[in-house]
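Heads up, the thing below is written out as structure tokens.
Read from first to last, the chains carry the letters A, B, C and D; within each, the first residue is number 1.
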Amino acid sequence: MPLSRRNFMVTAVQASVSMLTLLAPRWVLAADRRPAFDATAIDAALQALGLPPPQDTAEILFKAPEIAENGAAVPVEVESRLPNTRAMLLLVEKNPHVLSARFEFPAGTEPFFATRVKMAETSRIHAIALTDSGNFYTTRLVKVTLGGCGG
Amino acid sequence: MPDPMLIRAVLKGETVEVKALIAHVMETGQRKDADGKLVPAHYIETLTATCGGRQVFRAEWGASIARNPYLSFRFKGAQAGDKITLTWTDTAGASRSDEATIR
Amino acid sequence: MRRLALVLWGLLNALPAQAAEPVNERLRDSFEAKNQATLERLEQDETQQLCTRYAPTDLPAEVARRIQSLNQSTIKPPADGQYLGDFTRGEAIAQRGTGWQSSDDPAKPAGGNCYACHQLAAAEVAYGNLGPSLYHYGKLRGASAEVLAATWGKLYNSNATEPCSRMPRFGHRGILDEQQLKDLMALLFDPASPVNQ
Amino acid sequence: MKPLFAKRLRGLGALLLGSFALTAAASDDALREYREMFGDDNPAALWEARGEQLWQTARGPQHASLAACDLGLGPGVVKGAYAQLPRWFADTARVEDLESRLLTCMTELQGFPRDALLTTRFGDGERKSDLEALAAYVVGASRGAEIRLPLQHPAEQAAWALGQAAFYYRAGPHDFSCATCHAQADKRIRLQTLPQLTTAEGAREAYTHWPAYRISQGELRTFEWRLQDCYRQQRFPQLKFASEVAVGLSLFLAKTAEGGAMAAPAIRR
């Protein structure tokens, strides 16, 4: 819930951007997506990808640890149960650059991925599924703990 | 020359489960070395998987995928004995392809 | 010949109670100075010598008394008589684990790394258990002159009351300065400190 | 991998001392979840693969492979060798651990200058360490092997005694020794479980899982790195690589862990 309030607030600018994307081809070229990886906020990353704010869903299975022993590698496993999921995004809200990854699933490939992501600090992680009938997200909060005898 | 990827591809029913470990520093450009100097960003930007001439998976990454990346995905339409090829390209223009046989 | 001597040395020192002094020289050969962590750090004061010599067995009563008196005399109360500083700064000191390592910048203030071993504020769940929980420290004990002085003494030189304590002698060894100790005192005693919520 | 992490976490039930112990117990479950999610997919395998390649390739000024390197079980025998190190080697007339022995083989057989090998003893990102890769390969070939250290040679007994003395040696600004953190059961620093290295169970838990892929560094680290980094955090000067204390402490802990089955390279925070 806080995600939609805080990060996906639809401003007039964004609304017009998403209107444009309706007219644009489904996928922008890969090279055109690179600037999204430099975005420092979630709404900016989505805007750079020409995506409208996604809706909350329970149809994305998102496995992430509640507490990470180390932020250098946090395992995540995501599976979409939404029909016709073409791609998924992984975003870490508090990272210097919020967009971690984009995965594309051609026909015959399951909308599933597992990887390990760096987390600069305790943060929400968002998984967004891009489907034929719109974009949907789900969120996990991962607490990154401090460790060790020397800080 | 980058080190080879370690790829496992196992057929479970109709689905091939692929798991890969990739030797790569995935430098964010924000880390300082022992001398306090910033280590320049250097990370894998794209990774594709092909099987029988068909692209079955594509990943685009930022610098925040963990060092020595782990990746798993699943696809249908292949048999045991088929070959799957993974190819990555990084921000320095380096790339590497490795192949595994589906078991 | 040298080898035979080593062997004899090894056999003679099979008991840890006898191993402390001769090992000093050989340790020196196995270490090298790095940045602020110079070889002098291998030199032991009398407390460290005694604690090493009797590890891991129990200290004889007279040795325990000797260590207590050696350390009791080092405790200096705050110059202005004020024990309590700022608990917000105290929390930061308790969280910080760096300081005094070869990899640390000696110009930066050292931490106390209290959470490595103690529970303090309830909000921090990543705390260790080598030491007792200090949650509600002041709330449970009050802040009488005796309690303040005893706690200051514990922070300043833990070996004055507990010989060979695992806790560093923060004041005596100059790990933390007087103001930092006061800030930690505030973290423990201030009614508004997160420790006492 | 499951037993690895399950074992580390055993005994934390004893923490139920007060209402706030519940928080610690809850954190503990969550850490188990984090550790288990890594499964068997340990990047250490990348080091093992590179190390095997390095072992077999003719390299160095003398253009030799390490096929003639004797790790204690005869020239070229890698399988099970790590589980019987450190040990006395007649050719060098010294007790050597794996790192020290690899240095010996790489200088004697391949002709690499020792100083150059020491410069890259620990890898850092793009600057890879051949020693760490070779260690990963050799240790991986001891998976399941039982640690056996008969200590029949007097020099091995002397190394054990030095290791034990070093373990209890208390010094530095913070008065730390190895025993400060590693001589009691069921203790943690922050959320990291501290193995009790004075018991067979605790020493096995620690020793059988090193070398390990260290998540925080994204590097494979050997046991000597583990010791050196402990001393750094003890606020001691730097432990010299392949020094008497490094070998002695390794041997002291390996002896305490005797009977345990090697399960390295593992994965660690």
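Operating definition for what follows: contacts are C-beta pairs under 8 Å (C-beta built on N, C-alpha and C of every residue); 3 or more make two chains touch, one makes a residue touch a chain.
In this text the structure is predicted, and so the values were computed from the model without any measurement.
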Apart from chain D, which chains still form joined groups through touching: one piece
Leading chain pair when contacts are tallied as C-beta pairs: C-D
Length of the line joining the C-alpha centres of chain A and chain B, rounded to whole Å: 19
Interchain centroid distance [CA atoms averaged], chain C/chain D, Å: 28
Computed distance of Cα centres, chain C from chain B, in Å: 47
For chain A paired with chain C, centre-to-centre distance based on mean C-alpha positions, whole Å: 46
Multi-partner residues of chain B (each touching 2 or more other chains): 26, 66-67, 70, 72
Multi-chain contact residues (two or more partners), chain C: 101, 103, 115-116, 125-126
Two or more partner chains touched - positions in chain D: 27, 181, 189-192, 218, 232-233
Each pair of chains that touches, named by its two labels: A-B, A-C, A-D, B-D, C-D
Footprint of chain D on chain A - complex, ascending: 63, 65-70, 72-75, 77, 116, 143, 145-150
Residue numbers on chain B that touch chain A, as the complex places them: 15, 26, 28, 30, 45-46, 54-67, 69-77
Touch list for chain C against partner chain A, complex: 95-99, 101, 103-104, 111, 113, 115-116, 125-126
For the chain C and chain D complex, residues of the former touching the latter: 3, 6-7, 9-11, 13-14, 16, 19-20, 23, 26-27, 29-34, 37-39, 41-44, 47-48, 51-52, 55-56, 100-103, 115-117, 119, 122, 125-130, 133, 135, 159, 164, 166, 168-169, 173-175
In the complex with chain B, residue positions of chain D that touch it: 41-43, 45-46, 49-50, 124-126, 213, 218
